Each structure stands twice: as C-alpha cells, then as structure tokens.
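Two complexes are shown next, each including chain A; its partner changes from chain B in the first to chain C in the second.
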Partner chain A sequence: MDTAMKKLPPKPVNLKKRLLHWGVSIVTILLIVWSCTGIDFGGIKATAGQIAGAIFTGIFNPDWSYVYNGTGEDLVSQLWSTICIAFLGTFISALISLPFAFWAAHTRHKKWYVSRTGKIVLAIIRSFPEIVLALMFIKAVGPGSAAGVLALGFHSVGMLAKLFSEAIENLDDGPNEAVTAAGGSKVNIIMFATLPNLLPALISNTLYRFDVSIRSASILGLVGAGGIGYPLIIALQYRQWNRVGVILLGIILMVIVIDWISGWIRKRLV
Partner chain B sequence: MNSAKQADLMTLPKKKLKLLNLVWLLLFIAGLVVSTNVTKTSLGALFSNFGQFAEIFLQMLHPDWSYMPAVIPLLLETIKMAILGTVIGSVFAFIYALLIARNIVKNKVVTGVLRVIMNIIRTIPDLLLGAIFVAIVGIGPVAGILALAICTFGIVVKLFYEAIETIDPGPIEALTAVGANKLQIIFFAVLPQVMTYFISYCLYAFEINVRASTVLGYIGAGGIGLYLQETLQIFDYPKTGTIIIVIILVVVLIDYVSSKSREALME
Partner chain C sequence: MADSSAKPIIELKNVKKVYGKDIVGLQDVNLTINQGEFVVIVGLSGAGKSTLLRSINRLIDISDGDILINGESITKAKGKELRMLRRNIGMIFQSFNLVKRSSVLRNVLTGRVGYYPTWKSSLNLFTKEDKQRAYDALKQVDLADKVYARADELSGGQQQRVAIARVLTQDPAIILADEPTASLDPQTSKRVMEDLKMLNEKHGMTVVINLHSVQLAREFGQRVIGVREGKIIYDGKMSDTSEATFDQIYSGGDQDE
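Moving on, here comes the complex of A and B:
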C-alpha cells in the first residue's frame, strides 16, 4: 500500500488567527487567575451542610399549615400577590415601552442620532438596579406591592422597549407602502399596516417579559416591595429552614406553571 | 357602475369579530382589575408623592465623587465574582449539556430526569439564590459566586444543549462508522461544531452575571451592592448616585465589549 495515503495533508496555518486565539486565551486565563485573588474561600460557615440539609427537608416535607390558612399571610396568597405584581408591572411597562420603542428603532428615523440616543437611554434604564428603583418607589408610595408594581413597570421598559424596537426594525415596509399607494393617511398606515404586523411580536415579547417579571417580583420582596420575597427573607432571618424550603417549592412551582402557560400562548400566537 | 356598488367598494371589508379574541380581552381586563386590587396600586398616590421620588432622583444626579476611591475595590470584587461565577457555572453546564443532549446520550430516562432537574434549577431567581447562600455559607463573596454559578449553569446549559442537538449528524455517523468511542465522538465530531456557540453563551451569561452581581451585595453576598445598601440606609443619596453611575458605566461597557466579541466569534 502506498504510504503517502496514510498521511493527512497538514492543516493550513493562519498565523494571524492563531496569534489572536492564543492572545485571547492567555488574557482569559489571566483574568480568571486574577479573580481568584483576594477572595476568601475559607470563610464558609461550619454549619453550611446542616442548613442546606434542613432547607431540602423543607422542600420535600412542606409545612402544610403555612401553605394555605386564609389569613392572607400564607404561601398561596403571597404567591398570588407576586403574580399580580408581575402582571400589572408588565402591563404598565408595555404601555410605556411603545413610544420608547419607536424612538429607538432606527428604521423610523432619517437621522442616526435619534435612534442612537433612544438606545442609550434604554441601556441606562436597563442597568439601573431594580432594587434601588423599588426603594425609591417605597419612599413615594410606601412599602407594599404597589412599590413593586411601579418598580417593575419602570425597570422592564429597558428590556421590553429594546425587544419592541427590534420587532419594529424587522418590520416589512411593503404593507406600509401599499397603504400609502392606495391613498391611506398616516393613521391608516398605523391601523392597517403597522399594527397588524407588529401585534403578534409585541404580545409574544410582553409574555416573555412576564416570565422574567415573575422572577423579579419574587425578588422585590427582599427590600419590602411586596410579594413572596418578604416572607422568604423573614424565614431566612429567623432560621426557619423548613419554611424556606416550602417557599422555595412554591416559587419553583409558580414559575414553572407560568412559564408553561405563557409558552403555550406564545406557541398559539405564532 | 351604480353608486351603491361604488360606495360598497370604497368601504373596507368588515373583519369578523372572533369570539375567542373577545374572551381573551375580557380575561385580560379581569386580570388588570384583580391585580390592581390585590396590589393596591393607585396612580393617584404615585403622583401625589411624586415629589419625594423626584427629590431622591435629583439628589442621585448630584453624585459625590469623593466617594469614588472607596467604591473601586468593591467594584473590582464585583467583577471578580462575576468572572468566577461564570467560569464555575459554565464548566458544570458544559458537562451537563453533553449528558442531556439526546443525540449523544440515547437513554431517554437519563436525559429526561436530568432535564427536569435543570428546569427546576433555572426557575430560582439570582437574588433569592444569593439570599439562601448567604444563609448557608455566611456573608461574603463566596455566597455571591455560588449564586451566580448556579444562574450561569441554568442559562448556559439550556442554550448549549439545544445547540448540541441541532448539529450536523454526519460527522458523528462517520466517526461511529470507523469505530470511535463516545469520548472520541464528542471530541472530534461534536465539540468542533459547537465550541464557538459555547463560548458565545458563556459571554452572554457573563453579561447577565455582571448585572446581577452589582446588587447581590445588597443582601450580603459580596460586591458593590453592600455600599448600595449602606448608603441607602442612611439616606445618603449623592453617594448612592455615585455607585449607580459607576454600575451603569461598568455594565454598559462590559455589555458592549462582550456583545462585540460575540459578534466577532459568530462570523
């Protein structure tokens, strides 16, 4: 047999690419090594395993008297108020997002800086910590679910308007032109060309955001803005590990059910 | 053409009102009413107290720059936490995704059970994980890193196993045909097709982690959030403003760099 057949031809070498790969890998490794410095890994509590075990026991042996007792302080009512916060917050943010989305969509403006400034504003809203926003609203409307609703409503605009503006950018110009060609006014264009094409994307994005809002709403309680987070932080402070387990179980179930429902609706929309 | 016919042509065809859409609309309105009642949200209260809200905001807009030197070390700790959380989480996600991809592990029971576990892990929000880890391992960045690692795991594993399942089966079949074992198939047929995706997903998770890590300190899980909590507690809003501006700058910068490198990677 010909020995030349057994050898594969050498791989083509692209020096520039190889150098780049090596450079990036070295920088990444250096970054990882740097981040290990100065962090004290030894400070783990000796009881860590015991506490984790207690929380797990709570998940598998829920304290049923806490699940529902009709006082309004039980797990089910807290979860229900969490869902309500997320629902109303998402609705408010969808309303606020629409004008922002048209502002940030670059296909809507002739001048590039208009949409660019819109995008920067949205990036700033996105990066403004939700918890701080919640605390500011607590100052304005007092502690409770209302502050959570408002914080969610304003914070979600950053992400939702971004998704909306991408949907607007992806819009086909054809229907608009057709309506214009048939003599339609600006209002007609929006009513008969833009909205019908845009609506499914808007609803789908809003539902997606609702999934995220459910998770956020369960966090906001940590600072006193209503929802399931508050009983959780109290249970953690009083070391009621079983209760922590039950609440976790409740949150997991709630998120799974909501994800499932909104996924089902989104599938039907498409 | 008589005028009646012409008028008929001029008007738009009437849309059929779908009953189902009406039901959805009613459900939606009911949802709004119920949730307004449950949360006791009233826009009146917001507008009457809007002055207070605006005042805090205005104070934050006059940041106290002399606070910067104190902020920087914790900012670095925050970034360190995000990096470590991403690395730890994605290493586990890498292995786990290979175990739940149905074109690699053929046993449906194994992949099914592992997927249920993955979906459960994905449901818990980052800050709640942070609060729980603070209770378990104690106050400090380690709690934050663990919380971030689990979040990263949840994000990367889902995206990565979906990427693995959509690869071209040709190379796998070719390697099976020449008698390669599972590890060889993974190394020479699967990974070359999905590695860029994996790195891209890790960067994406890193962006999310940077955002999340900035508030983890609020509940004692390390990082810059600690100062956020301290300054808010003593109502020192100019200092809070400094921290928030620093956070926004870092987040936007890292987002930009990371999304640019993801674009370059995917070319």
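Moving on, here comes the complex of A and C:
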C-alpha cells in the first residue's frame, strides 16, 4: 500500500471559483438593496396596525354559520363549484394537450423546426396569465363558472402539454420501432406503443395539474369567473373578517384534502 | 451461395451509410440473400452489423445505393408502399421492444397492424382468426398460458419469445434479428435460437441474425457474413469457415485491438 495516499488530500483551491462565488454574493446583496430603494414605503397608513389586528381576530373567529345553510350560496356549495371548475378545466386541457404534446416532442420529428415551433406556441399559451384569460372569457361568455372553466382549460394547456411532451421525449423508442418494423403507421405507433407506455405519466401530470388548478380556481372568482373567490372578495370588500376567515379555512382544507388524494393516487401509479 | 434454383429475396447494391458528416456506418456493401437462408452476421460491436440489418427494413435510411426486397426497392418506397414492404419483414430486437404495460396478447397482435386499416386496429377490431393466430403463435413458443399476462410480468427469455410470437403472427417472408440473445443467459439464448430456427425450417422464413456469440453462430448458422468497419470482409458457408476466419473477423488480425 502506498502510505502517501492514506491521508485525505486537502481540497484543491480554485481561485477562479472562489472569486466567482464572492462575485455572485455581492451582486445578490446589491440587488436586494437596490430593490428596497425602488419601493415607496411612505404610503403605509397610520392605522395599519389596528386594521391588521381586526383582520386577525376576524380570521381566528370564523363565521361558522356560513359553512352550510342550504341556499347554495354557502361555503360548501361554493367550494364544490370551485372543485368542479378545476376538474372540468383540467379535463378539457388534458384532451387539448395531447396533440400539442406530440407536436412539441422533438423525438417525434425528423425536422428540428417542427417541435421548435410547437414549443414556442406552448410558451405563448403559458405566458397568458389565467386572470387575464378569465377576464377575456367573462367578456365573451359572461361572468360565472363557464368563464372559469374555459380560462383554466386554455391556460393549463401550456404547462400540461409541455409536461406531456417531456414524458414523450423520455420514452424508450424500442416499442415504437417494433410497430414500425411490423408495417405500422404513425397512428398505429401512437395507439399500440406510445400511449400505453405514456399513460402513467399522463395521469400523474394531469392530477398534479388538477392540484394547481384548484388553487387557481379559488382565485379566479375574484374577477367573477365563478367559484369560492367571488364570496371571498365580497366579504373582503365589506370587511366581514370572520367570513373571510371561514372562507380561507375552507380553501386551506380543500387544498390539503385534494393534495392528499391526488398524491395518494399518483403514488399508486408508479 | 445456395443451389442454383435459389431466388434472391434481399439484395443490397453498393449500399453506403454515413452518419453525420464523416462517420462511416457502411461502405460499398453488396450482398444477396436467397429465400430460405439462415444467415448469421458476425463482427465486433460498432462494426456496422446493426446498421446493415436496420437498413434492410429501413429503420435506418441509407445514404447511397439501393436495397431490393423481392426485387422491389425499399429505399424508394413511400407511405403505404413502404408499410407493405415492412409487413413482409419481421424484426426481433435485443431489448425485445414489447409494450411492457400491455398484455401479451395485445403485443402479439401488434404483429398484425400492417394488415388492417389504421382506424380498425386502433379500435382493437382484430378478427377472430387473427386472435386465434396470435394464440397459436404463443403456443408454438410454449407461452400459451401467459396470453392475458402483462408483458412486464414475464422474464427476459419469455419476453423475447413473445417477440418471436409477434413476428410469427406477422407472418413475414424475412426475419431480421438484431442481437436477439445479447441480454439473455446461455440457456435461454439457445431456446430463442431454436425458436428462430423453427421459423426458418417449419415456416420457410428467411432469417438474418446479428450475433456476438461465435458459439451460437457456429451451432445455428448456415451462412456466415463477417463485417468489419462497415465492410463485408467474409462471406461463406458455416461448414467451410475455420476458427482462424472467426479470429480474423473479430480481432481484425492485428493492430485493431
């Protein structure tokens, strides 16, 4: 044995790397300082503390009578309609996403620009904020759940199709080759080899997107696109803090339960 | 090669394949394979065996030359014409290439897709005869009891035999096998080779196999083709092929290794 190798050799000092680390740290601190100077903190009201206190006591003393009163305007029915909006929106977007995903997956095309254009289109769809989409659909179909479903359905395509296309790109090409070698057409390849192998990834990504959509659907009501967001903004505007409290509690509970269920299903899929 | 009445089924004419700008896969390959032959292609990894085999059913497009299947050019075929030619050429892969999440039956039926219009096979409208044909094929490879099992429940050797049943169901005139035994143990390898031999002898299919193992090549091959650096350097009957020839194909004689 070589005795010279027994001791752990000291870590080699790399001056360039060290300088780079220092540089990054300094730039980060400068950025924080610079952004602080850009905001005017003078606009904070003198009564800020008092109102914040009122909000807190309200939130921690929720208005339990609002949970269920059978009118269809209560918390439970509004949460249910939020879930429905998210579910329908996700379902529609999953269907639309599939063809987009095949378009954007680079392993499917011999010519590089085909998948590149698909990816650009998806990036454009993704960059529309869903609030903006919701406002546009409200103008088109009127306020209510339908606008929410359409906004979510359209917006989710950008992200979902991207995830799908990445799943397609990661697939083993072997089974596809086997179908090609047997004289199969492109559609045959998709139906016999790609889709069965892709299915777990499709379901898992769609469920994940459903999680995200639940959160989005809670917000969309703020602009009038249906769901729990609408009573929330009304309560906020009338300063009914205990109602705000119970609504927030309901949203938290709903998000946790859905997270838990979809997580459980996704784990079973692997 | 074979007797004078033999009919050429695969003809490669001055075939050249270049990857990227200057990586040569095949150069000046001229080769005729006759109906009913059992041909073994041997050579080192990277010598061009796979490129040669895959260019025959055009999983790889060649750069120059022409390949004829039963006198028809596959290089120039397009769309449906190409699919009809491919339907007549079965393929066995090193990694089996089954759809792991589908049932054995559906995997075997995949061999029939070339016989159906796309919409019909997509809706799973296979005829009763074809389903029976698939089942019979599974019986021939002794896997009839696994017909409804999921493909990933089977062992490697069983999966390769399902792949053989798939080819049998496809009922082609030619079978290309690309290192069919490379990921199997010696025992299972032998079984798979025997199944391929059965396809050759019982069903009269022309079989072309890429092999690593000299031992298996010796045992099963009738005609040997040696490939090195994208060129055919040996072509002869197995019975005439000496150990020294194999050494030459694999080692390149001298400085290569």
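Basically, the second predicted complex is superposed on the first by the 231 of 270 C-alpha atoms of A that agree within 3 Å, B and C clash if a C-alpha of one lies under 4 Å from a C-alpha of the other, contacts with A are read in each partner's own complex, and residues count from 1 in each chain.
What we mean here is this: a contact is a pair of C-beta atoms (placed from the backbone, for glycine too) under 8 Å apart; a residue touches a chain by one contact, two chains touch by 3 or more.
All figures in this text were calculated on a predicted structure; none of them were measured in a lab.
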{"item": "Partner chain(s) touched by A:L199 [first = chain B, second = chain C, both, neither]", "value": "second"}
{"item": "Touched partner set for A:S262, first chain B, second chain C, both or neither", "value": "neither"}
{"item": "Which of chain B and chain C A:G148 touches, first, second, both or neither", "value": "first"}
{"item": "Which of chain B and chain C A:S165 touches, first, second, both or neither", "value": "neither"}
{"item": "Chain touching more of chain A, residue-wise (chain B, chain C)", "value": "B"}
{"item": "Partner chain in contact with A:G174 - chain B first, chain C second, else both or neither", "value": "second"}
{"item": "Shared contact residues on chain A - chain B and chain C", "value": "none"}
{"item": "Residues of chain A that touch chain C when the two form their complex", "value": "172, 174-175, 177-185, 187-188, 191-193, 196-197, 199-200"}
{"item": "Interfacial residue positions of chain B with respect to chain A in the complex", "value": "31-32, 34-36, 38-42, 45-46, 49-50, 52-53, 56-57, 77, 79-81, 83-84, 87, 119-120, 123-128, 131-132, 134-138, 140-142, 145, 211, 214-215, 218-219, 225, 228, 232, 240, 244, 247-248, 251-252, 255"}
{"item": "Touching residues (chain side chain A, partner chain B) in the complex", "value": "31-32, 34-41, 43-45, 48, 51-52, 55, 80-81, 83-85, 87-88, 91, 123-124, 127-132, 135-137, 139-142, 144-146, 148-150, 215-216, 218-219, 222-223, 226, 229, 232-233, 236, 239, 244, 248, 251-252, 255-256, 259"}
{"item": "Residue ranges of chain C touching chain A (in the complex, touch as defined)", "value": "57, 59, 83-91, 93, 95-102, 106, 110-114, 118, 121-122, 163, 166, 170, 176"}
